[in-house]
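Which chain is which? They are A, B, C and D, in the order written, and residues in each are numbered from 1.
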Amino acid sequence: MDKRIQSVSEAVADIQNGSTVMIGGFGEAGSPIELIHALIDSGARNLTVVNNNTGNGEVGLAALIGNGQVRKMICSYPRSSHSKVFPELYRAGKIELELVPQGTLAERIRAGGAGIPAFYTPTTVGTPLAEGKEVREFNGRKYVMEPWLQADYALIKCETADHAGNLTYNKTARNFSPIMCIAATTTIVQARKIVAPGDIDPECVVTPGLFVDRIVQVAEPLQESKLIAEGVSYP
Amino acid sequence: MDKRIQSVSEAVADIQNGSTVMIGGFGEAGSPIELIHALIDSGARNLTVVNNNTGNGEVGLAALIGNGQVRKMICSYPRSSHSKVFPELYRAGKIELELVPQGTLAERIRAGGAGIPAFYTPTTVGTPLAEGKEVREFNGRKYVMEPWLQADYALIKCETADHAGNLTYNKTARNFSPIMCIAATTTIVQARKIVAPGDIDPECVVTPGLFVDRIVQVAEPLQESKLIAEGVSYP
Amino acid sequence: MSDSTEMKKGWSRNQMAELAAHDIPDGSCVNLGIGIPELVAQYVPEGREFLYHTENGLLGMGPTPESGEEDPELINAGKKPVTALPGASYFHHADSFAMIRGGHIDVCVLGAMQVSGNGDLANWSTGEVDAIPAVGGAMDLVQGVKNIFVITTHCTKTGDAKLVEACTYPLTGVGVVSRIYTDLAVIDVTPEGFRVNKLAPGVSFEEVVEKTGAPVLPAA
Amino acid sequence: MSDSTEMKKGWSRNQMAELAAHDIPDGSCVNLGIGIPELVAQYVPEGREFLYHTENGLLGMGPTPESGEEDPELINAGKKPVTALPGASYFHHADSFAMIRGGHIDVCVLGAMQVSGNGDLANWSTGEVDAIPAVGGAMDLVQGVKNIFVITTHCTKTGDAKLVEACTYPLTGVGVVSRIYTDLAVIDVTPEGFRVNKLAPGVSFEEVVEKTGAPVLPAA
C-alpha cells in the first residue's frame, strides 16, 4: 500500500468545487503551503475551509481566500498582525465565518474522526457563541452541545512519512494536523522526508497510516513568514 | 518537580477505602502488578475498580478482587481463560459489575480526563446495554448518550518515565494507560526505567508529565502469566 | 444424519475463512474477531495486502511469533502473542476505538450466536441468568466498521438454526451484518432478507432453506 | 490628571506581572495569555518552578530563543518563537485542550476588556458590527483552568472603568475570574463582589472605589 504521489498538483487534482477542506497549521507552523498553492492552481471554488486562522500576507491560506475560492471559513481566530485578505472580504460580505473557540474546534474535529456526532463542553456557556445551542446541566454545571466536524479533504504538512502513511510532525507544527487526518474522507500529506515502512519507530508514530491517503514529498517547503517578508504574492 | 517516590507501598499509601481506582492494562499487558500488590498490602477496601478485565489466576487484579477489596468492577470483559476469582464472587452476589463496551469504556475515560461530561456514540443502540440510556438521532442515525468516567487514582505501568512524569509505554502494554492518566485525580506510575528530563524525545512522549503525580521504579516487574504458570497466589 | 457428516459435505472452518478472505479487497484495513475469524489471516489472496488492526492498540499486526519469541506486551485482542510488521504503529485505546467508531476500519470478521434476516447480530451473551456477561469490543466494532462479515456454523451443535427471523439472544447490534459465511453457504443480508450468494459443494438450496430459521432467497 | 501620571503612581505592567507571578504556587502548570500576561514568565520567584503550557501543543515551554535561533515551527499561542525546555512534550490540539478543559492547568493569566463583580470576563470582542470577531482559546481557558487571573489597567485609555457591575462587551465566560491585577490594586472576586487584596503604593482605597464601576470592598 504505497501511498506516494508524484506531485502536489496530482495530489489535490480531484478536489471538487464545494468541498469542505481542513487545512493543518497554526499560523504558519504546520501550514501545507505547497498543497494550498496547488489547490489555488487547481481552481476549485466555493470551498468551506477549516483552519485555526485565515492566513497571512498574500500567500498560502490567505492567497486561497484572496483568490475567491473560499465560500466559508470555520476558525477560531480570523485575524493576525499580517492578515488583511480575510478581513477585507469579510467586511465586504463576500465570505462567511463560523467562529468556533479553539478547543471546541479541536474537539469537534476529533469527534468527527472518532464517530462521535456530538458532545458537551463548558466552553461558551453564557456567551454569544452559545446562542441557539442546546445547553444542558450535568453534575450542577452547564454545558453546551457541540456537533462533530468532518471534511471531504485534509491538507496536511508533516515532517516524516513512510510509504504506508505513518506520520510524525515537527514541534508545534503538529497542532491540528493529527485530528484533521482522522476527520477527513481523503487525507493528503506533504512530507519533508519520505521513508520506508519500519523506518519510523512504531512507538513514535503520531498519525497511523490508515488515516492517510496520499503522500507527496516537499523536501524544502516554503516558509510563509519569509515569503511575506519578501513581499511575495501567490499566484 | 521531581515526582519520584521510593517504594510502591509509599506510592499507594493514601488510597482510602471507597476510592475509585483505574488500573491500566489489557489482560496482563500493561498491568501494574507491583502497584496492585502494594494496594492489597495497604488493605484499602470498598474500591470501585476500572479495568478492561477482571484479572487472571490469583495474582494482580484478580488477587485484589479475591481479597474482597473491590466493591464494584467497571469493565468490558470480566472473564478469560484464567479468570475464576471474579466469576465466583459475581455469582455469589458479592461484587457489582458495570459492563461497558470496550470502546465506550475508553471514550468515557478520555472524556473524564478531557472535561467532557457526556457524548453520543452509536455503540449499544438497540441492545440491552442501552437500556435506560438516552437515545438521540443525529443525521438520521441513532446514538446513545454516555457519561464521562473519572477516578480518584490511576495505577499505571509504563516503560520509561522521566522525573517530571513524562511517560512512554511498551507496545500493546500502552492500551488504557494514557487515558487513565488523564482521568484520575492522582496518577501513580510504576516505570521500568526512570530517566532525567530531556532524555525522552519530546516528540515521542505519550503521556505528558502534568498528568502524572508519582513515579516509582520497578525495574523488573513480575509477569502475571508466569506467576500463574508457577501457581503463585498473592499475598 | 449427524453433524459431523454435515461438516464433511459443506465447508470446513478453514474453507469458510478462506472464502471470507477472498471477499476482502486489496488494501483493506481488517479487524478479526476471536476464534474462526482469526483463520482469515492465513488466506490472504495472492497479490493482496491487508492491514490488520487489533483494538488493543496495534495497526500492522503480523503473524504469531515463533515459539520462544513471544512478548507478553505484544498481544492481540484475544490476548494471544502476535508480532508487529514494518510500518506498524501503537496507540492507546481511545485512539484505537476512534479508528473503529469513526469508520476507518474496512472489514471486521466476527463469530455469531445468531444473525437475523435484517442483519441483527447476537454474539456476546446467551442471556442466561448465571452467565458472566462480557461484551469486549464487539458492540463498538459492529457499529463502526464499514463491513461486518460473520463466520459461523450454519446451525448450533444441537441442530438449531443460527440464522433466524429474530434473534432470541441479547443483541450486539441492529442491522449490522452484511454477509455470513457458514459451512453450508455464503449468505448475504439484503433489504429483502437472507439471500444465498454461494452454496457449499454438495449442499442444496433446499437444505439451506430447511436449516435456516428465516426465509432465504436463492442466489440472484 | 492624565493616564500617564496615574501609571507612575500605581504599578507598571511589569510590576503587575511580578505580583501575579508571586501568587502562583510552586510546581504550577501555567498558561499565559498574549500581551502583558506574557511578562509573568520573567518574574518566577526564587525557588519556584512553573511548567508552561501553550495551547498550540507544547508543555515545558522555555523563553524566547536567541536572535537567529528562532524556529518557525516552534512557537507559542501568540505565534511568537519560543524554546522547549528539557522534559518538554509536544501534542496535538485536541490533547492540548483536553489538558485545559479537563482541569489539568493550574493557573491562566489573561488580559481583559471588562470584568464584572461576579467574575464575568469580556476579553474577545468589542461587539462592534464592523469588527472581525476572533476568540482563539480564551473561552476554553476560562472554563477549564482552575484559577483565572486577569492583568489589566484599571481603566481604559479614555478613563472608563474596566471593572464593572455587568460587562457590556460580549462575554468570554461567566463567573470565571478569581483575581485581578491592575495598576491600582490587586482585587479578588469574592462571593460578595470585588474586594481589594492589596493597594498599589500611593493609591487610596477611595481612588479604587471611584475608578471602579461596581461596589468594591476594602481589604479584609
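The definition used in the following text is that a contact is a pair of C-beta atoms (placed from the backbone, for glycine too) under 8 Å apart; a residue touches a chain by one contact, two chains touch by 3 or more.
Because the structure is a prediction, the values reported are computed rather than measured.
Colleague: By that same contact rule, can you tell me which chains touch chain A and chain D alike?
Modeller: Shared contacts of chain A and chain D: B.
Colleague: Across the interfaces B-C and B-D, which one involves more C-beta pairs in contact?
Modeller: Comparing B-C with B-D, the pair joined by more C-beta contacts is B-C.
Colleague: Distance from the CA centroid of chain C to that of chain D, rounded to the nearest Å?
Modeller: Centre-to-centre distance between chain C and chain D: 56 Å.
Colleague: Measuring centre to centre with CA averages, how many angstrom lie between chain B and chain C?
Modeller: So the centre of chain B lies 29 Å away from the centre of chain C.
Colleague: Mind checking the centre-to-centre distance between chain A and chain C? Centres are C-alpha means, answer in whole Å.
Modeller: Once rounded, the distance between the two centres reads 37 Å.
Colleague: Provide the list of chain C residues touching at least two other chains, using ranges where the numbers run on.
Modeller: Where chain C meets two or more other chains at a single residue, that happens at 84, 90-91, 94, 97, 100-101, 143-144.
Colleague: Can you list the chain A residues in contact with two or more other chains?
Modeller: Counting only residues that touch two or more other chains, chain A contributes 107, 110, 114-116, 121-122, 169-171, 202-203, 206.
Colleague: Every pair of chains that touch: which are they?
Modeller: Chains touch in the following pairs: A-B, A-C, A-D, B-C, B-D.
Colleague: So in the complex, the part of chain A that touches chain C is made up of which residues?
Modeller: 1, 110, 112-116, 162-164, 166, 182, 196-198, 202-203, 205, 208-211
Colleague: Which stretch or stretches of chain B touch chain A in the complex?
Modeller: Counting only chain B, the residues touching chain A are 107, 111, 114-122, 138-139, 141, 143, 147, 168-171, 201, 203-204, 206.
Colleague: Which residues of chain D touch chain A in the complex?
Modeller: For chain D paired with chain A, touching residues are 54-58, 71-75, 79, 84, 90-94, 96-97, 100-101, 120, 125, 130, 132-140, 143-144, 170-174.
Colleague: Going by the contact rule at the top, pick out the chain D residues touching chain B in the complex.
Modeller: Per the stated touch rule, the residues are 27, 29, 49, 51, 53, 59-60, 84-91, 94, 97-105, 143-144.
Colleague: Show me the residue ranges of chain A that touch chain D in the complex, using the header's touch definition.
Modeller: For this pair, the touching residues of chain A are 26-30, 52, 76-80, 86-87, 90-91, 97, 99-107, 109-110, 121-129, 169-179, 206, 223-225.
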